[in-house]
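Structures are listed in the sections that come next.
In what follows, chain A forms one complex with chain B and a second complex with chain C.
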Partner chain A sequence: MTIQRFISYFVFILWTVLTVTPLVWMSYSSFKTNAELTQDIFSMPSELVFKTDHDYMVSSFPSPQTLIDGKQRITLESSKIRGFRHFILVDRLPTEFQSLPVGQTVGLDQLPFGLRNEILWKTLFYNYTSAWTRGNLGPKFLNSLFYVVVSTTLIIMFSMMASFGFSKMQFPRWSKFLANLIAVGYLLSIPAIIIPLFIMLSSLGLTDTHLGITLVYVAFGLPLGVLLGQGYMRGIPDSIIESAHMDGAGHWRSFLSIVMPMTVPVIITVSIINALGIWNEFLLVLVMASSESTKSLPVGVFSFASQTSIELGWQLAALVIAVVPTMVVYFRFNKRITQGVVAGAVKG
Partner chain B sequence: MATVELKAVSKVYDGGVQAVKAADITIQDKEFVVLVGPSGCGKTTTLRMVAGLEDISSGDLFIDGKRVNDMPPKDRDIAMVFQNYALYPHMTVYDNMAFGLKIRKMPKEDIQKRVDEAAGILEIHELLERRPKQLSGGQRQRVAVGRAIVRHPKVFLFDEPLSNLDAKLRVQMRAEISSLHTRLQATMIYVTHDQVEAMTMGDKIVVMKGGIIQQIGDPLTLYNKPVNRFVAGFIGSPPMNFLSTSVTESGGKIWIDEGTFKMAIEGRYAEPLKPYIGKNVSFGIRPEDLVYNMDAAEGSFIPAAAEVIEPLGAETHLYVNTGKHQLIARTAPNIHFSVGDKVKFVPNLDKAVFFDAETEQAINLS
Partner chain C sequence: MGKRSRSDAVAYVSMVGPALLVYLLIVAYPVLNSVVISFTNFNPIAGTAPEFTGLANYRRMLQDPDFWHAFRNNMVVVGISVFGQIPIGFVLAYILFRKLVRGQAFFQAMVFLPNFLSTIVIGILWRRIFLANGPVSRVLQAVSGDPSAQFTMMLYPETVMIPIGFALIWIYTGFFMIIFLANLQKIDLGLLEAAQIDGATEFQVFFKIIVPMLASVLLINAILAIAGSLKGFDLIFSMTTQGIQRDNAMVLPIFMYQKAFLDRSNSVRFAYGAAISNAIVLISIAIILFANFVGKKLGAQEDM
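Let's turn to the complex of A and B:
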């Protein structure tokens, strides 16, 4: 008994360590510079967090903001992190700094407290701000959100409607065949049929469109929804639906007011599984999306890696940005996810 | 309220199974009709056809004189109480009852009023905010009935509503549904396999077997004048005794010969049995019509030996055996029997019923 317990605890702890370690590593590494990451991949972050008192050089690099509002700014460029620049309004600097020549070195401690603080914070989140702006992650974040919300909504809508038909409407001979046919789709994965998929979508003119990508996600989400949904709905007594009919509800009304609310556990399960899957999905968008306006977050993360250079720090920061929403969802619905998956499995 | 009329209504399922054969039932306004029969007799199918939950294969169904064969259930203005209550688990009791009214777009105040009224009748005011899960079986049953009441439908249908309740509660709810009928003055159709429920509740009882209506009548007619052996055996508890006998004539009297005894038939059956001389008939006698009489004259009693004695307090059920048939007799509680006692029972021939052994139909008295 105790040995079994020991073994199971050992396995659980090992499993936890295996899952959590990469997350921890990713989190702290996202605060390291590219140079630090290339030198030692496991070391603690230092230059962006602790050793931040390095010098800045006045640079001739023009401020993009000045080009817009015409206000005078001085450009300070980090001597350690290549390309890390601060554009500071001249008014905010003490008078002795206002007319520094290009090439002059300035120590961080020479700057006024407020300014210094601001620069320190910017240094700390250097990877994040860079990833967000250089990788253009804002629109990609919204795209990811769009794909997740729209696809999941459609998946739930259609799969539950199909499930209702298969499980509660009277065409016994065909319902099983059709339901199984859809369930077979669960065996297909996007990578397996990515080429025919691309040819199909391009002949429809749907590559590089939100519609095309969403349609594929919906198609791939339906089998699981139908599989779990109809299994669950079969468990709902017919008499409840008949009772709704007697109360004056038609098919549509009894579906919306009676069956859907009763199927909430499955709806949550299917939603979470699909939403997480679509949020993390990479290949389809990589292949289908050629313009910035349709790319999603995972593709954005990938864009920091090219053949000539890899910005590891930015990439890790982008990864953290991509992972945080899923973590939030997981911690918020922790109980429902475990419950839901089990409920779907047992009752389905 | 409404009348319901079934004219030669039949139901044939896809597999060719005929569940109901040419059922003719006329239900008057405000009548409480009970469909009763063993499981698989087609009573529930009949009810579901009235509800519109099953298609009618052939025949016509009229509600209030209007043919409704092809009308969907939601337009028939019928309420149904299901065996498993079929409450909506995600709604409160109030919402369960209000659902049908909301669908009919009734104003909120009216819904409130109707639900209050129904809750008052059923004494479930304090349950209105609860969910079905938090209710006991009896309470769920009340809510299911309440859901039907609020609608003020033309016809109420009950599909074995009491079979999931324990015995005590069943008796109580039985009385409540009966008084509800008196109070609402509504047309009600009630399906049960329990003949006691049928007898106690129905104004009119429809006995079914194998999809065929055996007899329609008020409880006492069914009890006293069953048209065939099935109805006679199905109605009444303990059930009627049947003895297969042959009819003979001797000394100007009609006799029945059971094999272990002979008995002279006098009174109302003497004439009708004459055509059966030399043939077999089934002699049906209810347990309470067997009179214990040790001084009975020769040829007027059934001799038997006591086998099982069931003292119930108010009466004693005595299982006796003639040697060929086992009989049940209801006797007064003050007579003491012991197993093995030789007893004599005089059947009350004015209450006895004879059945043709082949057709199992009751022999006409005319």
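Let's turn to the complex of A and C:
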């Protein structure tokens, strides 16, 4: 018994270490400069976190940024990280700094406290801000959020409505046929029909649009929603709905005010599984989105990573940005996710 | 619920209609269209009506050595899923079921976690980790004492599927573990205790009671693994660099993507791509039927 326990612990601890190590390495390395990453791949971050008192050089004065709003700025460039610049309003500097010649070096400790603090924060998140702005990840983050929220909402609405029709209304023959027809879709996947989908959506002019991409996510989310929703609603006694009918409630009324509130556990499960799936989906957007305005975060991170294979720190920061939201949802809803996956796999 | 009336029918259509409409338009119609297109010389740019060309696209596919290369790699992926992820997942689930480790919820969450991270991100991360100057090479240097040691498996066609297989096991084993565990928990514990009182060893309990009871779940998991392996695109796409490396690790979905969307010299690329994706569906149905057959055969023998 003890040897079995020992082996069991060994196996699970090893597996946990294997899961966690790459993620931990990715997380702390995203706070390292490129030079640090190439020198020692495992060392702790220091340049951006601890040894931040490096010198800054006045690289241009007045800064080209002056043209934007007419205010005088001075450009300070880090002497350690190439291309890391701050455009600082001249008013914020002590008078003796206001007329520094180009090429002059300034120590960070010579600057006023507020300004120094700001620069320290910017230094810490240097990789993140670089990835966010250079990879144009902000709009893509919003697109991903749009796809997730809109598609999941529509999946829930449509699949719960259909589930109600299939399980609680008097059209058993139709319901059986239609429910099976939709359930078959659970075996299909986006890659299997990506070509006819692309042809059809381009003839409708919907390929590079939020609408087209969302429609596909909705269609592929329906089977699981109908499978689980229908199964759950069958367990709700018909008598409850019948008595509502007696009191004069129509089908919609009893669906919205009686059945929907009772179906909340399934709704949550279906929402989380679909939301995570859509957040991580890649091929559909890769094929459909030709302009920047419809690209999602995974596609953005992928192309950013391919373009910046020398800027390791930026690349890792982009990965963290894409992964953190799913991690939060996963650990927050771990139990429900597990239940939902099991239910989906067994029913399908 | 009384007699059906006209208003019932209207309510029914309004309930079921939206889901059905989206589903028929986005899933059902393209499925049929995919079959039709694959037998034609469909070309959206030419502007002429597509002509029926019989099996030409399929014949072209079967004569393409790249198809067979992708097919072989895909079979490796199927093998890794069925004979790697499933047995390991089963053992992990069994350990949790027998409560051999404490902190079950924690370990379960950890093994299951990679399923929910973006496969693209995972792929880019593992590509970095397996680079010739990446962390794994650094570990090899430390272990072997040879400062020039490098991890080169990603670079050669003979070995590229090994690190990819590792990443596949890393991601998906947790899924099968969860399914097995859920079904193990349905087993009547009294049955196991009775067997142990009768002198059955842990080993006997496992092979004589547990495995036969989960035969159908094993089969379901095998089917899920086969279907999943034949549609997997993201991991290998992001773990490899475009060009020779991706060609070395080519699997059928990537082959289909490249032929349909990147091979612009081919005027019938969509029709050809449709033929490839239909072939992928047919291959997965064939393997699933075979697995079903083998499963039934084994199940029947155990009953005797």
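Throughout what follows, the second predicted complex is superposed on the first by the 288 of 348 C-alpha atoms of A that agree within 3 Å, B and C clash if a C-alpha of one lies under 4 Å from a C-alpha of the other, contacts with A are read in each partner's own complex, and residues count from 1 in each chain.
What we mean here is this: a contact is a pair of C-beta atoms (placed from the backbone, for glycine too) under 8 Å apart; a residue touches a chain by one contact, two chains touch by 3 or more.
This one's a predicted model, so the numbers in the text were calculated from it and none came from an experiment.
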Chain touching more of chain A, residue-wise (chain B, chain C): C
Partner chain(s) touched by A:193 [first = chain B, second = chain C, both, neither]: second
First, second, both or neither for A:16, with chain B first and chain C second: second
Touching partner for A:257 - first (chain B), second (chain C), both, neither: first
Touching partner for A:247 - first (chain B), second (chain C), both, neither: first
Partner chain in contact with A:292 - chain B first, chain C second, else both or neither: neither
Chain A residues contacted in one complex by chain B, in the other by chain C: 242, 245, 250
Complex contacts: residues of chain C adjacent to chain A: 1-2, 4, 7-9, 11-12, 14-16, 18-20, 22-23, 25-31, 33-34, 37, 42, 44, 91-92, 95, 100-101, 105-121, 124-126, 128-129, 133-135, 138, 170, 175, 178-179, 182, 202, 220, 224, 227, 231, 233-234, 237-238, 242, 253, 256-257, 260-261, 270, 273-274, 277, 280-281
Touching residues on chain B, where the partner in the complex is chain A: 51-53, 72-74, 78-80, 82-84, 86-90, 99-100, 103-104, 147, 151
Chain C-facing residues of chain A, complex: 4-5, 8-9, 11-12, 15-16, 18-20, 22, 25-26, 38, 41-42, 157-159, 161-162, 164-166, 169-171, 174-175, 178, 181-182, 185, 187-189, 191-200, 202, 215-216, 218-220, 222, 226, 238, 241-242, 245, 250-252, 255, 276, 279-280, 282-283, 287, 298, 301-302, 305-306, 312, 315-316, 319, 322-323, 326-327, 329-331, 334, 337-338, 341-342, 345-346
Chain A residues touching chain B - in the complex, by the definition given at the top: 237, 239-240, 242-250, 253, 257-258, 261-262, 264
